[in-house]
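Listed next: structures, encoded as structure tokens.
In what comes next, chain A is part of two complexes: it sits with chain B in the first one and with chain C in the second one.
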Partner chain A sequence: MTDALSTNYFDLFELPVSYDVDLARVQHRYRELQKAVHPDKYANAGAQERRISMQHTSLINQALHTLKHPVERAMYLLQLKGVDFTMDNETTMDAAFLMEQMEMRENLESIREKDDPLAELDSMSADVKSNMNVMAEVFKNAYISGELDDAREAVRKLQFLYKAKQEIDELAASIEDEMI
Partner chain B sequence: MALLQISEPGQSTAPHQHKLAVGIDLGTTNSLVASVRSGEVQTLPDEDGNHLLPSVVRYLKDGVEVGAVAAQHAIIDPMNTIVSVKRFMGRGISDLRLLGNKLPYNFVDEGMVVPRIHTSGGDVSATEVSAEILKALKGRAVKTLGGELQGAVITVPAYFDEAQRQATKDAASLAGLNVLRLLNEPTSAAVAYGLDSGQEGVIAVYDLGGGTFDISILRLNHGVFEVLATGGDSALGGDDFDHAIAEWILQQAGYRADPDPSLVRLLMHASRRAKEHLSVQEETEISIDADEIQWHGVLSCDQMNRLIEPLVRKTLMSCRRALRDADINNEDISEVVMVGGSTRVPHVRNRVGEFFECEPLVSIDPDKVVAIGAALQADVLVGNKSDEDMLLLDIIPLSLGIETMGGLSEKIIQRNTPIPVSRAQDFTTYKDGQTAMAVHVVQGERELVSDCRSLAHFELRGFPPQVAGAPRIRVTFQVDADGLLSVHAREENSGTEASVDVKPSYGLTDEEIETMLRSSMEHAEEDMQARTLREEQVEAERVVEALSSAIKADGELLTEDELKSISARRDQLVEAKGGNDPALIKRAIAELETACENFVARRMNTSIRKAMKGHSIGEYATEDESK
Partner chain C sequence: MAYSEKVLDHYEHPRNVGSFNKDEENVGTGMVGAPACGDVMKLQIKVNDDGIIEDAVFKTYGCGSAIASSSLLTEWVKGKSLEEAKLIKNTDIAEELALPPVKIHCSVLAEDAIHAAIEDYNGKHN
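Entry: the complex of A and B
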């Protein structure tokens, strides 16, 4: 009998091993799994069972996080293929891409001086989002055809874009808060 | 099955017996206890018929007063009468200084981790004060329900950080309560309204209590609660309305000096009454008759609304923020639940209704709604409703991070991540031969460590000396279903477990709790031992009972040999439980657990498999084996 703790996340959630995931299905499966293992179901059990229940629930939460996350899902897929990397030491060397990112960041720093910074930020956020979608496609195709180096490069860029989008959205949130 | 027929004379292990469990709302201003009795949930009154226990504790030279008795002395004996202690839970001296000039207590400042208040009855921490409130509620419940409590669900603001949750749990353990779960107050309120039964949709819970404001956005789906986002302010509440009114009175009276503690109390009392009157009438008269100040005047509803509007607006800003975090628009909210006495203020109801564009739910007493939900959940957790489908999924309200170079916080677990959760992080050494390292854990959203709340310093020791940068120390942060953190560490290259020394930044250490327990008992030694024995016996009962139902449900997962070995260990435990040696019981539990390890893991897997409806078990197993 196999152990849920060592099952890969896609199997655990009964999904095909693929970058494309059906998020509604993920949520549905997540709830079913939680109902089976959550510590509340073991509130009356002994310490051992409660501990094991917590381990399983943590794993399912970790799996949910990974499956929903556009970058971590890609990293996890590479990991399943034996590509192990820590993002810290990895960065893309694509000069054109890096230049684009730097320009965007400069733009972000002076955004408050614009007439309508929120509109600017909204459009920047949308741009980054669509770039992420393009990059996700690049990753997917490389992954499917087994070009793991290309897939890895796509993940590095995806990570860049994801961080940029977070920064843009956080800045928008704080400008909005100031306006209330 | 012969296994199921074991029952101890005089012990209550009958499977169908109703177990006593309570829900406790440990509030800033008032606390309540509720329970499900004969299928009906009710808050439990004291002998005089009062449901609300004022969260006030007065320390005398030779005893402690809790509740209304203590509250009556708040004005004449302010230094020994502790009110709104919830604001100090899990807080350090530096946090308290921020609230400083509003607090009329003598804080003992001796560089201690946990601030203590100097009273006639000795120096006490916020945890001990809260424990007195919990003891009073526990006593009330035991008396009313007529038996020992199996457990309690205690509610906390969704915004409470780890230190505050830990302090609450410590208070419960000082009060001798078995905590089934710490439950977020808003989640509890939603349960009270039965929003879990068959409803789907997104709801907002607006909780404005005496001292805290919480906004939670919950999604309900087929009996499962998910907290999409929480927000709020752990230092904003109805007390601040009273403050605003009190300051207005001082202004009107032309009083410019700093009011002394008893005058502050007097003003706060008058302000609170005025606020309550203005919930049902257009204006109210206020009279202040003290040595320093005599004033008489009229406060209109409009004027009060103007005074409190900045505070109400602050709460609505938190609402906006929570909606954004949840990625939800106003119009997606199908219900708004109102919680906390301060939501009786009509201006608050109006503004909240406007903001969410829907009529808020107010049919359950907003003071009782949280305790009622907690009691319903306690009833489920203790096993009185075995077929219950309700499951409350919670999230971590504030990100957990660790200090990195330059005093920056690196987030390890982002806020709004469902709990329990564990995350691993790899560390390495800076110096050759280094065998120990320190990890500083903080909680909060800000980038600088100094802007976040310090939770604990963990010292990892005992990994083998290697050249700098070679060791891979994997540190795993585990947050349990109550939002409490534990840490363990392992050096991956050598496989050695590192020992972890925890120095909580604000909490009490286990030793301190034990010392408090001892000092709170008259015959310390004997009482401690009796308590330890009772605790082990209760745990043993739990284990034996859980095992019986496990075997009943999934006995077929065991081979005959395994069953024999488990049964033998179980009999051993039952025998140890009848004796009076806590260490022996503990050992017997551990041995039984070892014998059950495979069984428990197998059951968990089976349970996961059973959750996979529509897919055959065979299909799943084959997929897996092909890996």
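Entry: the complex of A and C
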């Protein structure tokens, strides 16, 4: 475990470095790793060992989160190739894509006036989900063929779609709450 | 996070919200987005024969700072020439609105939006 802090998340979880991950395996490996570094095991250890155990625990949690997350996993893959997103101030992108995003949000704004807002939201959510799947494929293909700029653009769109899906699902949840 | 009074003012009373027909000859449209926060901003300018921005409108889906940045920008560009409008810096917007460092990117979005709108207009006239 001593090397864990310097290894990448895929190696740590004994996975191939790829966008496709077996989530059941991730979960299984997470439990194994967690057991190995559980702070309780270090209750009687020295301060330094306890500190290292805590660092490992937080690394494992961060790795789990990243590997499970459809967008962060893609960003992490690009980071391993040296593509940095932390200072992503670049704002211009595909105008048609942005127009779609705007129309979708306009639609969301007036959704409560529809006859069956929940059905509308369900179908919007499903649409966004399928767009995300398409975009994930675009990312994967670009990543595999080393077209990192294209891969990065796909991730930026994935970020948008992920955010949109969250908004749709949150709105659906709050409308459902009001109906109870 | 606490918004400054100026941000709140623009957020609660946004100026110049609206749309122009993007296909019109004298209209320039800038669409920009910030992936990390999912913000989308559309800024449109109407330019007269002397190359002066006669009118400007925006539509922004995003946080208060993004809305305030675009609202303020539409006020600033009205009456300016395209060249003058290009000179507006995101730092001017951030300063005017007292944006905290984590919200600076909202002002960047607005600056990029006006540049994109000018570019779109110029594209129609070259």
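Following the convention adopted for this analysis, the second predicted complex is superposed on the first by the 173 of 180 C-alpha atoms of A that agree within 3 Å, B and C clash if a C-alpha of one lies under 4 Å from a C-alpha of the other, contacts with A are read in each partner's own complex, and residues count from 1 in each chain.
Rule of thumb we're sticking to: a residue touches a chain if its C-beta (ideal position, glycine included) is under 8 Å from a C-beta of that chain, and two chains touch if they have at least 3 such contacts.
Only a predicted model underlies this, so the values are computations on that prediction, with no experimental measurement involved.
K.L.:
First (chain B), second (chain C), both or neither: which does A:138 touch?
P.N.:
neither
K.L.:
Does the superposition put A:15 against chain B (first), chain C (second), both, or neither?
P.N.:
After superposing on A, A:15 lies clear of both chain B and chain C.
K.L.:
In the overlaid three-chain picture, which partner chain does A:160 touch, first (chain B) or second (chain C), both, or neither?
P.N.:
Touch status of A:160: second partner only.
K.L.:
Of the two partner chains, chain B (first) and chain C (second), which one does A:99 touch, if any: first, second, both, or neither?
P.N.:
A:99 contacts chain C only, not chain B.
K.L.:
Under the stated touch criterion, which partner chain does A:175 make contact with: chain B (first), chain C (second), both, or neither?
P.N.:
neither
K.L.:
What's your read, chain B or chain C touching more residues of chain A?
P.N.:
Counting residues of chain A touched by each partner, the higher count goes to B.
K.L.:
Name, in rising order, each residue of chain A that touches chain B in their complex.
P.N.:
Contact set of chain A toward chain B: 1-4, 7-8, 11-12, 14, 31-49, 52-58, 61-62, 64-65, 86, 173, 176-177, 180.
K.L.:
Spell out the residues on chain C that touch chain A in their complex, using ranges where they run on.
P.N.:
Touching chain A from chain C are residues 31-38, 40, 42, 59, 61, 105, 108-109, 112-113, 116.
K.L.:
Inside the complex, what are the residues of chain B that reach chain A?
P.N.:
Those residues of chain B that touch chain A are 151, 180-181, 221-222, 224, 313, 317, 320-321, 324, 380-383, 389, 391-393, 417-423, 426, 478, 480-481, 539, 542-543, 545-547, 550, 589, 593, 596-597, 600-602, 604-605, 607-608, 610-613, 615, 620-621, 623-625, 627.
K.L.:
Flag every residue of chain A that touches chain C in the complex, lowest number first.
P.N.:
85, 88-89, 91-93, 95, 98-99, 101-102, 105, 155-157, 159-160, 163-164, 167
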